[in-house]
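Heads up, there are several structures right after this.
Note that chain A is present in both complexes that follow, paired respectively with chain B and with chain C.
Moving on, here comes the complex of A and B:
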């Protein structure tokens, strides 16, 4: 098992190196001079040359990459051109907001998705099956921005039940460190405020994973229910709920785990749309704004960070498979 | 009390699939007395499994339904009984074992969990008590070091051990009736003999009755007191086992009894070698550690000499995992191997795939599973024509079509069905399509990898006859792989007995079957022929 984990970690490092290389080449090979782009079309050649020197853009490519890699290993991604603050610091300031939103969306998607999928499979062809599969089809079909705006229109602007964006109300701006932060401080008012702000973004961000997880659970469970060991379990005289949950569902979980891990990683890095719609101060929105501003160090640092997150989650999922399935444990 | 243990009256099973109703069982009646063994015999699709599963109502409802029928256990009606009542019978008074011990056990639960569960449900045992009983049960079914096996998972056990665990589970609550649905079909012959002996011993120990479902007449003769022969959802004949075998009355029973393949008559030896291998080896490395260094090898094929002669058959016998299939694939160079391989005297080991391709025409393979080996998206004509196109046989489309039709005719299929797709044919017909695919390009050497193992007895005999006729007509050299010694005896001139990648015995078939030298061969033969 230790060898398995070490091997996976080795593979993770190699993939990360690959991402860094690709990222470096992409940001340097796209046409246009970053220094000029930052300074604007009317900047004079001297200023551009000065900025190039500052950024190290006048050095040979391999040297630039070497420095980039050495710095990245120390989590030093340079300073953001826009804000002049260290990129790592900027990332660190926004990551909790993204993590909080993503975790909530995933919990929402996994809990509801497993439940809907399992019930649909158990009552295949019934009303609930039809209803939940229709909802999940809608979930994957509606673009996120549409869903987000619709929810805002209905619940924030129309019914005025929920706030239309941001992580907290102005009144809690100072206390505000989100759900966990306010809870740690024991500020229940701030906690309630943070929770209310989370509802719409969570539903918006969790809609697609919810749909995918419930469909995957349903089909994977239907397959498991057709297996011989399920018939054995029935022949033992077990209750249908025991057959479903103890025997079939655990076997059905492995593909669901895969897709959950991928979705989680994807959301962590790709919550751009949701974060923008709900003015959520997270990594996705910041990264998007950095791309628009051609803020090179920010883009490189941000993307590498997101890639690291994604790969870590895939690694955790691989270890989870081994926990669920003794056959994978044996092969490891 | 004269009530039989199990009385089944006028049982029908229908399956409703997309506006169509398949009548799988059409009103069968039989009974099982206390302590006796009744065998339900029939070919696939005869309704024997559906009848057996109906006893505990374990069929998928819907699509399954019972338009009529009564199932009485000790005079108590089970048909239509509420689920809690059925559950109290299942695994308790009536239990079942199935064909596939690998898939019938939950792969994610330990042996202890699976066996204990049934004790905890019906006898409300505590976990500790259940564990103790579990160890006893594992001992009873002959699993060594039972305590250590408690934490094992199904994949860590051999096929025979898995079936023993299934039996331990089924007998945990000392049932009155054990329903065994083809319990040894997926096992090797020697293991099969052990499991049958175990079942018989436990039956007399516990005094239970058995309902034994099988297609294998050899097993019926060994196990059953009485027999019901099923065909197309009906019982066509029933009676005492001895009487059925001595004096079968129904034409179908007679045909079934005659379908056992006849031994091949000795043919003149020939020196014309088509394919030959010397010291053939296929070793797979076992890799361990962080860097996956190979620490040892699995010797799938370990130094085998073999020669396939024109118009003759080399039979390869062995149990699962003995390396038979690997040997066949290595001879065709479909997997890489070491040692020398010659085709028509020319060394072909190490030839590039470009130079191998023209030779492929002369070297073909036919697989066991006629379902998995034909592409479901290609018509029969396309499947057969593909090889012709690859090897540029037949100048025009018309020419190729003519060859396709001739080949279909030759393997006994109606050429008019060539535009149909594989799923429209039965298993036996599909195997004929596989044969046609291989034979259309006129090969000289054919590897037949268990070509009749998934076929019913009567179809098996027909397929063997077809293969022998094609061999005679075209002078084909066969390497015939099978775990079934009766089949090998019916086709092979020479036999190789394999075990763990090595040849334990080889020689002319007649000699080897008459007078086996190696104890392992002896064991195989006695398991297969009840010697």
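Moving on, here comes the complex of A and C:
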């Protein structure tokens, strides 16, 4: 297992290096001078040249990349052109909001996806199967921003049950709040407010993974239900629910686990859309605003941060996968 | 035993038929929009801002109402179908061709060529697709054409992976061995023996990819990385009208429903084609 972990870690570092090189080359092709962008269009040529020297933009490309890589390894992505604050500081300030949203969306997708998938497989061909598969098909077909807007239209603007955006109401605008923060402070009012603000973004972001997980669970479970050991369990007189949940579902979970890991990547990408729709103060919305402002260090730092996060999650899921299934270790 | 013809299997698959019907409806709207739209989709008329649809106001001249600068929403949705279908087709054709070629070469050649190509594609896949697309559009500058280029680049690894897996499967089969024994060149084996036998999963991937391509391009437009507002593109229409959702909610429904139904259509058709074309899945739900 140690050799497997080391091999996977090595692959992660190589991929991360590749992403950093790709990103560096791509962002340096952006038309316009970053130093001029920082100082404004009216800045004189001398000031621009001075800043270029300070930032190292006058150095050869390979030297710039070397410095970028060395700094990135220390999680130093430079300063944002727009806010003039360190990019890493901006990222860390927004990361809890994104983490809270993606975790909630993942829990929502996994719990409901497993349940819907298992019930569909158990009642194959019935009304429940049709209903849950229709929901999952709609989940993968409706664009994330369309679903978000529809939910706002219905529950925020129409019925006025839920807020249409933000992480908390003005009355609870305390720094570092959110679901966990308010709970730790023992402020139940703020907790309730944060929970209510989380509902629509969670459903929006979790819809696609929910659909994929439920479809995967259903097909994987249907395959498991046709196996000999299930027939043996049934022949022994075990209750259908025990056969389904204790025997078949446990074996069907392995492919579902892999898909769940990959869906995290989708969630991190989808967070850009969801956060922009719901004005959620996370990394995704910040990244989108940085793109609109052509804030080069912010884009580089933000994307590299998301890639690192995504690859780490995939690695953890791969290791979990190998831990539960020895065939994976052997094949690798 | 004689195999049931493709069209007969297709007719027995209700989901694929529903998908095909939805797509035919949008294709028809797109075709009609070349010769007729109730109003000019780009014509601004500030006297008729946010007119209600005829269903809500029987005196209205506009079937689906007008937007914030008085443009007819039905005409814009019809013209939008033309843009979206063109976007979807162009992206999958380009990404499908480049991806399949890379996948086929990697799978057939093996060794360091396979390793190098696959590692480059792995790096591209290490970033969530929409993020990579956003970075590419930022570099190229916001426009529909650049959004299409970005989505094409992001989609390439998917087709390459499907094609590589299929090539690996097909190249070890006896008819390929036979072609090689007869002295056929690598190019001839690839084009005449391998590619035609990899078509089925590729067709499925292309059908499913069409929906994703339309969806992602509209997503980039929604984020303000597509064309200018006068272009009747569904994603942009939603972004423009969302600001007025409280007073004129009906303006976002047509583009929103159109994107969803088109994607649903491609997903249903793709799923159906997978069932029909893959012999292992025939007879299973």
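Basically, the second predicted complex is superposed on the first by the 295 of 332 C-alpha atoms of A that agree within 3 Å, B and C clash if a C-alpha of one lies under 4 Å from a C-alpha of the other, contacts with A are read in each partner's own complex, and residues count from 1 in each chain.
Simple rule for what comes next: a residue touches a chain if its C-beta (ideal position, glycine included) is under 8 Å from a C-beta of that chain, and two chains touch if they have at least 3 such contacts.
Source: prediction; values computed, not measured.
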{"item": "Partner chain(s) touched by A:26 [first = chain B, second = chain C, both, neither]", "value": "second"}
{"item": "Which superposed partner A:150 touches (first chain B, second chain C, both, neither)", "value": "second"}
{"item": "A:238 touches, of chain B and chain C: first, second, both or neither?", "value": "first"}
{"item": "Contacts of A:227 with chain B and chain C, given as first, second, both or neither", "value": "first"}
{"item": "Larger contact residue set on chain A - chain B or chain C", "value": "C"}
{"item": "Contacts of A:3 with chain B and chain C, given as first, second, both or neither", "value": "first"}
{"item": "Which of chain B and chain C A:60 touches, first, second, both or neither", "value": "neither"}
{"item": "First (chain B), second (chain C), both or neither touched by A:124", "value": "second"}
{"item": "First (chain B), second (chain C), both or neither touched by A:247", "value": "first"}
{"item": "Chain A - residues contacting chain B, complex", "value": "3, 6-7, 10, 227-229, 231-240, 247, 250-251, 324-327, 330"}
{"item": "Chain A contact footprint on chain C (complex, rising order)", "value": "119-120, 122-124, 126-131, 134-136, 138-139, 141, 211, 215, 218-219, 222-225, 235, 238, 242, 245-246, 249, 252, 256, 259-260, 263-264, 267-268, 285"}
{"item": "Residues of chain A that touch chain C when the two form their complex", "value": "14-16, 18-19, 22-23, 26-27, 29-31, 124-125, 137-138, 140-146, 149-150, 152-153, 157-158, 265-266, 268-270, 272-273, 276, 287-288, 291-292, 294, 299, 303, 306-307, 310-311"}
{"item": "Chain B to chain A touching residues, read off their complex", "value": "56, 58, 83, 86-92, 95-96, 98, 100, 103-110, 117-118, 121-122, 153, 155-156, 166, 169, 288-290, 292"}
